Structure formats: structure tokens, C-alpha cells
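In what follows, subunit A forms one complex with subunit B and a second complex with subunit C.
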Partner chain A sequence: MTTDYKPMWTSLGLNLEKHDALLDVLGKAYQDIYLSQQNRPEGMGYLDFVMSEVHGLRIKELQDARAAGRKVVGTFCVFVPDELILAVDAVSVGLCAGAEFGFDEAERLLPRNTCALIKSFFGFKLSRVCPYLEASDLLVGETTCDGKKKAYEIFRDVQPNIYVMEVPQMKTAQDRALLRSEYLRFKEALERLSGVTISAERLKRGIDLVNRRRSALARLAALRGANPVPVSGLDALLINQVAFYDNPARFTDAVEKLCSELEKRVGKGEGVAPKGTPRILVSGCPMAVPNWKLAAIIEGSGGVVVGEDSCVGERGTRNLVDDSGSDIDSLMEALVERYFKIDCAIFTPNQERVDHVLEMAEKYQADGVIHYALQFCSPYVVESYRVEKELSARGIPVLRIETDYSQEDTGQLKTRVEAFLEMIRK
Partner chain B sequence: MTTDYKPMWTSLGLNLEKHDALLDVLGKAYQDIYLSQQNRPEGMGYLDFVMSEVHGLRIKELQDARAAGRKVVGTFCVFVPDELILAVDAVSVGLCAGAEFGFDEAERLLPRNTCALIKSFFGFKLSRVCPYLEASDLLVGETTCDGKKKAYEIFRDVQPNIYVMEVPQMKTAQDRALLRSEYLRFKEALERLSGVTISAERLKRGIDLVNRRRSALARLAALRGANPVPVSGLDALLINQVAFYDNPARFTDAVEKLCSELEKRVGKGEGVAPKGTPRILVSGCPMAVPNWKLAAIIEGSGGVVVGEDSCVGERGTRNLVDDSGSDIDSLMEALVERYFKIDCAIFTPNQERVDHVLEMAEKYQADGVIHYALQFCSPYVVESYRVEKELSARGIPVLRIETDYSQEDTGQLKTRVEAFLEMIRK
Partner chain C sequence: MTSAGLDVGSRTISLVLFDRGEVADSVVVDAGVRPLARCQRLLEGKSYQRLVVTGYGRHLVAPSLGGEVISEISAFAVGARHLCPEVGTVIDIGGQDSKVIRLSGTGAVERFEMNDRCAAGTGRFLEVMARTLEVGIEAFGGLALSASKEVQVNSLCTVFAESEVISLIARGEEAGAIALALHQAVAKRIIGMVHRVGLREGVIFAGGVARNRCLGRLLSDRLGVTLTIPDEPQTVGALGAALLAAKFHKDFGG
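Here is the complex of A and B:
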């Protein structure tokens, strides 16, 4: 970053010293993990630029938008519909955090047995190192898991502008009615926040923006089915992560451009890893920036990640919203229809997820599945039992990993992943 | 037990060897903890008898009922309305388990980071030592917490006759509609199971039975407000535990009789512990038989427990169902009304619980509150932060304990409880 963003960070109330420390770690990790990759597509240059300005230019854009009267809405979950946020001309940013930072402070408020993702956004807040949190006019939490649901009650003490959305736990008609009712309540909250009434036209525009982003990401996902695979799992993960906070139109253009480049690669039979490289599907918990741990281990051990069944991945991006309705009611219904399909482990039963993993494994020619769960994330940790059982029964090798954001178990994970890849190669 | 119940246990498929081991442990614990108490009310004789026949006579009653065409319904949560179960002449039994038994087997299916209550019912099932589980024609699980919600999916593999009820997470009108819809679905499931249609008259009878049981337990609770307290917390806990599986009419009579005896004690100013004994309110997770650990530590350290804000305690028993309606719809609505008030930590926000703890502390003249949470029970562990904060702000001493079913931390807990009682005495 060449511009001096310190005055902006100061005005946002950041702790500059800790923030510098975070940026140092982040920059070094990016250098080591991303910039050291061989044979990267040129289109990744855009992502490199975005990452270099992640706390700089993008925050300036948010602050400029706010100065122009627009609102910034921070979210923690793919159940929060970006379409509605965009429909009031607000800016949507994903706030899940992927670094072990400020955990000591977080553990003064939360049990130690809390997943790293929750501790991380508490730590970022308590250490005052996250400009996205500080620039948000509204934060949207949800009741997905026990940990988040109850943690937001405490988070409110340090960040009062938090709104909590209820998410159902089954898929009955009554659950759908609950989700619909919650989306209507959220729509009203956004209208109050922004002073903008969501017309059918506005909502269509929001749907269109998000559909286009999802279509670009689906195009990227499909290209990873090629053998050899034209892009690394690390780069694909980064793209899915950046989708949560970059300008949607600009981001979509960049991804489409990258996809055109990758199509040429595929046409020429070129890839980032030679044919025969074990192709791995990662399934499980979301990975927020800078949580690149597992993909780095897999690809550093001679495998390649070809798909993510994850909130930061296909769980968050697949299925478009039907934009054919012409009135607000039918568009809201289409929104509910799309989001109600999300196969998150918070649902019981959740056979859809197993089916989707099987479908992805076939589509992306995966040789094995690594199930990734954050420690203490009961929904995914418990569900991994069934995922392994059903996949194994169909002859798909599965490795179940439970970890956190620390680097302490990296060696052990590497050994397990290497053994898994070795087993696949045989 | 003088009768030979072995043939009955064998017919239920129990593992007799392991079952003997469990009964040995249970019998010894009961002897040490309960029968060693001084100055017990005579009315506790009934409870001693029930406990001596807990896997004997009561199971025979269940089997006799089944032979006569009635059904046995096993439940895991106070959100499952006994009124409906009784309305189809079925027998309701609480299945939460309170002993560390079969945990090795349980941990083959569940993460180690699962609360002891869940591991316990898995362990009981996998070791085949629980005649209640084996005698149940239907098991009713619910989506209260992530752990249970997802564990039932696995439990189904070993016990296919499980039915799962959804419980809402907030208290909006839409949540109430969800609960109503779930109670209607459950009513239909019970009708299918039993072949009995629930008429208004039948439901009224069920409501009456449960209301009378709740009233008797409320009478007992109120008597514990006396100083000195006429009954130990251990005995009161046992009564609340036995309420879950004893014959409701017989149990209610026994509790009423005990209450009359306690009233005389109170009239004479007699108690189980001298005036000046630190009076403790226990708040938090349920304690299923034979989980007497915390009450035993408190009362063994010179305190006395005067109330339980717990599912096995007032969270489960307070508030009656309005039985004034004359048609099934209004009675079902009354049922929803009563259960929707439950102040479980699964709700967000849950200020009602803090308010209720404050109310109980005053009513029972508590000198301090011990917050009891099972390790890995996120809803209660996280909520304990706010409970402590709000109580402390009002000058009520709070001790937060997080533990499991093992005896490993007994010494450490005793030290902490003693220090807490000492602090209160000053």
C-alpha cells in the first residue's frame, strides 16, 4: 500500500499498533502461500491487488460510500441475502474472520471451547483491528449454531448495532414460513436503516448483481472439473473469500475475465498441476481470510483442491434466484426459495449435503474428500460422521480433519494429508 | 430388589453384565449420598422405594402397560408435552441419562467434545443398560441444541424409532406458530402410534394430570423458601428427577404427602440444616439421575440448595396449562402458551431466564447462585456470562461451574464451592 491510510484507520478507531501487527502477518502469509505459487493465471493479478488493498482502498471505498449517504452492512453467514442489502444501495461485507488474533481477550468473554471463527471476530473487535467491523452501520448475526447465537448476545455489549436473524432448523413448510418472515423483517430493517423503500425494480437489480456474481463463480467451479485443473485450490478459495467483500460488479468482471483465461488453458490441456495429481474435494466449515491452512497443506503435499462444499464455496454460491417475478412478493418468494435450499449442517436431517458432496465429487473428478471442521463446531463435526459413512460406502476415500486457526497442528495435519494422498495414489 | 427381574431385562435385550455393573454403581452412590443424610423427612421413603425399583418394578409397570396395549414414549426434553402423551394413554418417561457409562463406545460415533448428557444416553444405548430406552415404543428428540440435534441423526442408526421435534430459537409470533405446528405434528404422531384420537376430554385429562404434578412440585419448591429449609437440595433434586418417569398420579400423591409433612416441620421451625447455613440457588443445565454431583458437593461442604433453575427443576415445572378451553383447538393453544414461556438458554435473547433467577433468589432467600453448566453445552456455558454479570450487578454472589459426569474434578469443585460458601458466610 503506497497511500497513507493511517488517518482513515485512526478515524475508525483502530488500534494502529495491533493493526500493523495483523497486516504484517497477513502480508507475510500471502507472500508465502500465494505469491510463491507457480504457473498462476494472469487474472489472479486482480486478486493480488485486492488483497494488497484489503484494509486500504476497499475501506476507503466503504467510507466514501458512507460519506455519500450509503450504508455498510456486515454479515456473518450465507443465509443473509445480499440481494436485499444491495437493493437499498448499501454495501455488503462478510465479516467472518480467519485469523487467531485477540483470542486472549475473546476468551475473557467466551468459553475456551468456542470455535475459532467466533473467537476470531470477537478478537478482531476487542483488539480493534478490523476496519470492516468498524465501518459497518449494521451487523447482521444469525441463529445458525449455538455458539454464534449465544455469542451475539455478548457481542452486543461491545458492538450495539447488531441485528440477529433467525434461521430454521428443518425444512418443513413452517420452517419456510419462518425464513420468509425473517427475510421480510430484515427487509424492513434495511429500509429503516437506509431510508430507501425496496421496490420490485430495486430488488431485481440486487438479484441481478448477485446472480451474476454467482454465475461467474459457478463458471469458475465448472472449469475446475478439467483434468489437469487450470487453477489452484488456493486461488479458487481466495476468489470465493474475496467475493464476500469486494465490489460485486467489479469482482464479477474480474472473475469472468479469469475464467476466459482458464478456458484457454483448458483448451490447451494446460494446468497448475500435472495430470495424475490427486484431486481433492474439501467439504465442511467456511474458511474466512486468511484461513488458507488446509488448502496450503493439501497443495503443498502434492495434491490439488478441485472444489469446496463450503459456505465459502458452493454452499454459498450455487442456485440462482429466479428474477422472473414482477412484483415484490414474488421476488421475495424467489429469494426464500433459493436460500431455503442451502444445505448447511444446522439442518436436520441434511441428506441434501451428502448428495451434493457426491455430485461434486463426480463433477470435479475428485479422487477423495477431506472433511474440514473447526473444532467445537458441533453441526459440522457431528455431521462428518455421516458424510464419511455414506461416501465410504460408495468407495470415495474420506479424511476427517478437525482443527482451528493455530499453526500448532500443521505438522500433524501435513502427515495425515500426505498419508491420505499416498493412499489415493495407490 | 427382591424380585428376579433378570428374565425381563433379558427380554428387553439388556447386557446383563454391564447392567449389573451400572446398578452396583447406582446403588452404592445412592447409599453414600442419599441414605447417609441426616434428618430426612419420612416422605422420602417413597423416593427411596422408587429408586430401589428404578430398573425393576417401574419397568415391569411399563411392560405390563405395553402388554395391555398402551405405548411407552421416551423423551429427552421439557419441551415435549407430557399432556399429549398422557392424552393417548401412553406412558411418558424421561430418558436423559446422568452417568458416565459407555463413553468409549459413544465416542466412536460422537466427537469427544460432546456434552456428558448426550454421551450418556448414547453410552446407555450402546452398552444396552437402559431398560427405559429399550421399553420405549417411540423416542422423541428435539432440536434444542446443536449437539442433540445432530446426535439424533446418528442415534437413529442404533434406535430407528426416533422422532425429532423442532423447537424455535426466538420468541416471535412466527416462532410460536412453529411450536404450534410442531405440537400438532406430534399430536398426530402420537395418534398414529397409539391408534387413539385425542379428544378435548382426553387432552383435558392429560393436562389435569400434569398440572397436578406441577402444582405439587411448586408446593414443594415454595416450602424451600422457609428458613431453616425443611428438605435438603439433594432430596428435592431427586424428587424433580423421579417426576420424569414415575407414574404421575402416584408420584403427585407422594409429593403432596411429603409437602404436608414439610409444612409441619416449617410450622415448628425445624429444618434439615440450621439457620445460618448458606442457602444456594443452582441455575443451569439439567441433572438427570444419577447426577447428584454438585448438590452433594454443596451440601457436603456446609451449604444447602434451596432451588433449581433447571429443566430438572423450575424451568420444567413452573406455569400450568390453562385447562378452561372446551375444544381441542383452544386446549392446544393453551399448551403452546405454557411451553412457549420456557426460558431455556436455546432462546436468543433470553432475559426471561435472568429475571427468573433473580425472582427465585429472592423467593427462596438465596445467599448465592451457583451456575452449573455441562462442559461443551454452549447455550448454558455462554449464557452464564450474562447471568453472572446481571446477578453480580445486583449484589448476588455467583460461582460459575463447568463440569461433566466424571468424578475427576470433585476435589477441585469442592475447593471452589467451599471458598464460595466461606465468602458468603462473611
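Here is the complex of A and C:
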């Protein structure tokens, strides 16, 4: 970053000393993990730029939007419909945090045995290092897992502008009705916040922006089915991560452009890793920036990640919203229709997820699946049993990993991943 | 052609030189605090054409030694199969890792389990406990086998188990019974891993802890199978690495 953003950070109430430390760690990690990769597509230059300005230019854009009277809405989950947020001209930013930062402070409010994702957003808040949190006019939590649900009660003490959305846990007609009423309640909350009434036309515009972003990400995903694979799993993960907070139209254009470049690669039979490199599908918990741990281990051990069954991945991008309706009721129904299909592990039963993993393994020609669960994330940790059972029954090798954001288990993880890749190669 | 296999563990380093179908040399030394220097000294004056390194320190030492790396899982599988062609399951308990590997009929790794991050239920755990009971690690298994009664230790966490041991001592329990309880706790953990991968007949018990008589007996009793314990259980990984070095040499040329 060349511009001096310190005055902006100070005005947002950041702790500059800790914030510098965070940017330092982030910059080094990005250098080591990302910039050291060989044979990267040129289109990744845009992502490098976004990452270099992650707490700079993008925050300035948020602040400029606010100065112009627009609102910033921070979210933590793919059940919160971006379409509605964009319909009131607000800016949507995903707030999940992926670094072990401020955990000491977080553990003063939360039990130690809390998943790293929750501890991380508490840590970011308590150490005042996340400009996205501080620039948000409204935070939207949701009742997905028990950990998050209860944590938001405590989070309200440190950031009062939090709204909690109820998310159903089964897929019956009543659950669908609940999701619909929750989306209507959320629509009203956004209208109150922004002073804008969501018309059919506005909602259509929101749907269009998000559909285009999802289509671009689906195009990218499909290109990873090529052998050799044209883009690394690390880069694809980063793209999926950045989707949560970048300007949607600009981001979509950059991804489409990258995809055109990748199509040429595929046409020429070029890839980032030679044919024969073990192809891994990662399935499980979301990986928020800068959680690149598992992908870095897999790709550092001679494998390549070809897909993510994850909220930061296909769980978040699968299916478009039907925008053919002309009135607000039918568009809201179309929204519910799309989101109700999400195969999150909080649902019971959740056979859809297993079916999706099987489908993805085939589509992306995966040689094996690594199930990634954050420690203490019961929904995914428990569900990994069924995922493994059904994959194994079809002869697809599975490695189950349970980890967190720390680096202390890297050695053991590396051994297990290497052994898994050696096992697949035979 | 001579191939070399090096297993750089957390507690010990093993070297095996393999030549014309036979082990030509095998050495085990303490890993110490400078494993790379230790490895360099170990290889001094030895002649070999190809080196494969495995173990916890493989990535640390392989580049400087001009060796290739392989995970311990593959190395133990290959080493165990060489020693016992009918092997179906390998149990390896080392200094800070324990693993259970299930092999197919052709010797391929089918499934494996490994302990997560801490040293619970590994050689290091037994070392710390032996020290608490003031007995050498070599005599620890024998002490456990001398128990005249049974007590229980519930924790496998080295820190918590140590405080359990101290309270058992304070209660006046005999050292043998406490030692047995600690061995039972480790055995229980390993058996859980065996069940997760699915036991296949032909069980080899390797790694430094295989030298402990009590643990071998407990595992064998509870699994209801006879365990094969190699003469030098600590060198199975290094043997596997040496065999892989020979294979790489053959497959890809010098």
C-alpha cells in the first residue's frame, strides 16, 4: 500500500500497533504462500492487488459509500442473502475471520473449546484490527451452529449493532416458511436501516449482480475439472474468499477475464501442475481469509486442490436465483427457493451434501477427498463420518482432518497429507 | 547398488543401508537438538547411491543430504512388508507419533490413523511417566508386568496423567500397578485407532515402543492376535526408506 491510510484507520478506532502487526503477518504469509507459486495465471494480478489493498482501498471505498449515504452490512454466513443488501444500495461484506489473532482476548469471553472461526472474529473485534467490522453499519449474525448462536449474544456487548437471523435446521415445509418469514423480516430491517423501500426492480438488480458473480465462480469451478488443472487450489480459494468483500461487479469482471485466460490454457493443455498430480477435493468447514493452511499443505506436498465443498466454495455459489418474476412476492419466493437448497451441516438429515461431494468428486476428476473440519465444529465433525462412509463405499479415498488456525499441528498434518497423496499415487 | 534409508524421528534417528537384498548396516542414535549434524555424522564415510529420508525431521534434513522424502506411513508399510510379506496391519508407536496402517493384499496403504497434535499415548508419554515412577524406560514394561493388582489412570494427556500418577503414589499404590495402568491407557488408545482403520490379520508392532514387553502383551491380548515384533523395531521406517531408495533407483535410473 502506497497511500497513507493511517488517518482512516484511526478514525475507525483501530488499534494501529496491533493492526500493523496483523498486516505484517498477512503480508508475509501472502508472500510465502501466494507469490511464491509457479506459473500463476496473469489474471491473478487483480487478486494480488485486492489483497495488497485489503485494509486500504477497499475500506476507503466503504467509507466513501457511507459518506454518500449508503450503508455497509457485515455478514457471517452464506444464508444471508446479498441480493437484499444490494437491493437497498448497501455494501455487503463477509466478515468471517481466518487468523489466530487476539485469541487471548477472545478467550476472556468465550470458552477455550470454541471453534477457531468464532474465536477469530471475537479476537479481531476485541483487538480492534478489522476495519470491515468497524465500518459496518449493521452486522448480521444467524442461528446456524450453537457456537455462533450463543456467541452473538456476547458479541452484542462489544458491538451493539448486530441483527440475528434465524436459520432452520430441517427441510420441511414449515422450515421453508420460517426461512421465508426471516427473509421478509430481514428485508424490513434493511429498509429501516437504509430508508430505501425494496421494489421488484431493485431486487431484480440485486439478484442480477449476485447471479453474475455466482456464474463467474461456477465458470471458474468448471474449468478446474480440466486435466491438467489450469489454476492452483490456493488461487481458486483466494478468489472465493475475496468474493465475500470485493465490489461485486468489478470482481465478476475480473473473474470472467481470468476464466477466459484459463480457457486458453485448457485449450492448449497447459496447467499449473503436471498431469498425474494427485487431484484433491476439499470438503467441510469454510476457510476465511487468511486461512490458507490446508491448501498450502496439500499443494506444498505435491497435490493440487480441484474443488471446495465449502461455504467459501460451492456451498456458497451453487444455484442461481430465478429472476423471471415481476413482483416482489415472486422474487422473494425465488430467493427462498435458492437459499433453502444450501447443504449446510446444520441441517438434519443432510444427504444433499454427500450427494454434492460425490458429484463434485466426479466432475472435477478428484483422486481423493480431504474432509476439513474445524475443531469443536460439531456439525461438520460429526457429519464427516457419513461423508467418509459413502465415499469409501464408492472407492474414493478419504482423509479426515480436524484442525484449527494455529500452526502447531502443521508437521503432523503434513505427514498425514503426504501419506494420503502417496497412497493415491500408487 | 547400495541404498540408504534414514528415519529422522523426534527421539531417535535410524539409518539402514541396504545392498543386494540384504540389510548391510543399521544404526540407531539419539536425535539430540541438532538432528541435521547428527545425520551428517551418521552418513560420514558410508557409500550409497540413493538416499530416502522419512520421519518427523525429513524436510529439515533431506535437502542438505541430497535425499528424497517419503512419509513415515509409506516407509513403515514398505519396511513391515519386507520383514513379513503377510502383513495386514502395522502398529507403530514412536517418540511423539503413533500410527496404525492397514495394508491391502498387495502391500498398498489402504487406510491409516495417526495421533493428532500432542504426545498422548506415545513413547514420550511413557518416558515421562517412567521418570515420575523413578524407573528407567527399559525396565518400565517389566515393572508393569509385575503388578499384583489393578488401578486406573484415566488421562492420556501427559500433564494430567502425571498428576493422576502422583495422587496414586500419595494413596500408597504400588508402582507396578500404576505402571500397568499407564500401559493400559496407551493400549486402549492404540486399539481405538486399530478399530478405526479395521484390523487385518498379520499385525506388526514397530517403533521404539515395540521394545516394551508389557505393551506388546496388552495389545496382543486385547486384539486377540499374535503380534510380530521385529528384532529391531526402531529401524522399520529406515528400512522402508532404504527399500524405496532402491526402488526409485531401479525405476528412474541413477
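Convention: the second predicted complex is superposed on the first by the 426 of 426 C-alpha atoms of A that agree within 3 Å, B and C clash if a C-alpha of one lies under 4 Å from a C-alpha of the other, contacts with A are read in each partner's own complex, and residues count from 1 in each chain.
Everything below uses one rule, namely that contacts are C-beta pairs under 8 Å (C-beta built on N, C-alpha and C of every residue); 3 or more make two chains touch, one makes a residue touch a chain.
Fair warning: this is a prediction, and the values are worked out from it, not measured in the lab.
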item	value
Fit or clash - subunit C, subunit B, common subunit A	fit
Subunit B versus subunit C as contact partner of A:408, first or second or both or neither	second
Vertex subunit A, arms to subunit B and subunit C (CA centres, degrees, nearest 10)	70
Partner chain in contact with A:423 - subunit B first, subunit C second, else both or neither	second
Touched partner set for A:183, first subunit B, second subunit C, both or neither	neither
Touched partner set for A:124, first subunit B, second subunit C, both or neither	neither
Touching partner for A:172 - first (subunit B), second (subunit C), both, neither	first
Broader residue contact with subunit A after superposition on the shared chain, subunit B or subunit C	B
Where subunit B and subunit C come nearest after superposition, their Cα distance in Å	6
Interface residues of subunit A shared between complexes with subunit B and subunit C	402
Interface residues, subunit C side, partner subunit A - complex	56, 59, 69-74, 97, 108-110, 112, 114-117
Residue numbers on subunit B that touch subunit A, as the complex places them	109-111, 113-114, 143, 145-147, 149-154, 164, 166, 168-170, 172, 174-175, 177-178, 181-182, 345-346, 348-350, 375-376, 378-379, 381-383, 385-386, 402
Subunit A - residues contacting subunit C, complex	402, 408-409, 411-412, 414-416, 418-419, 422-423, 426
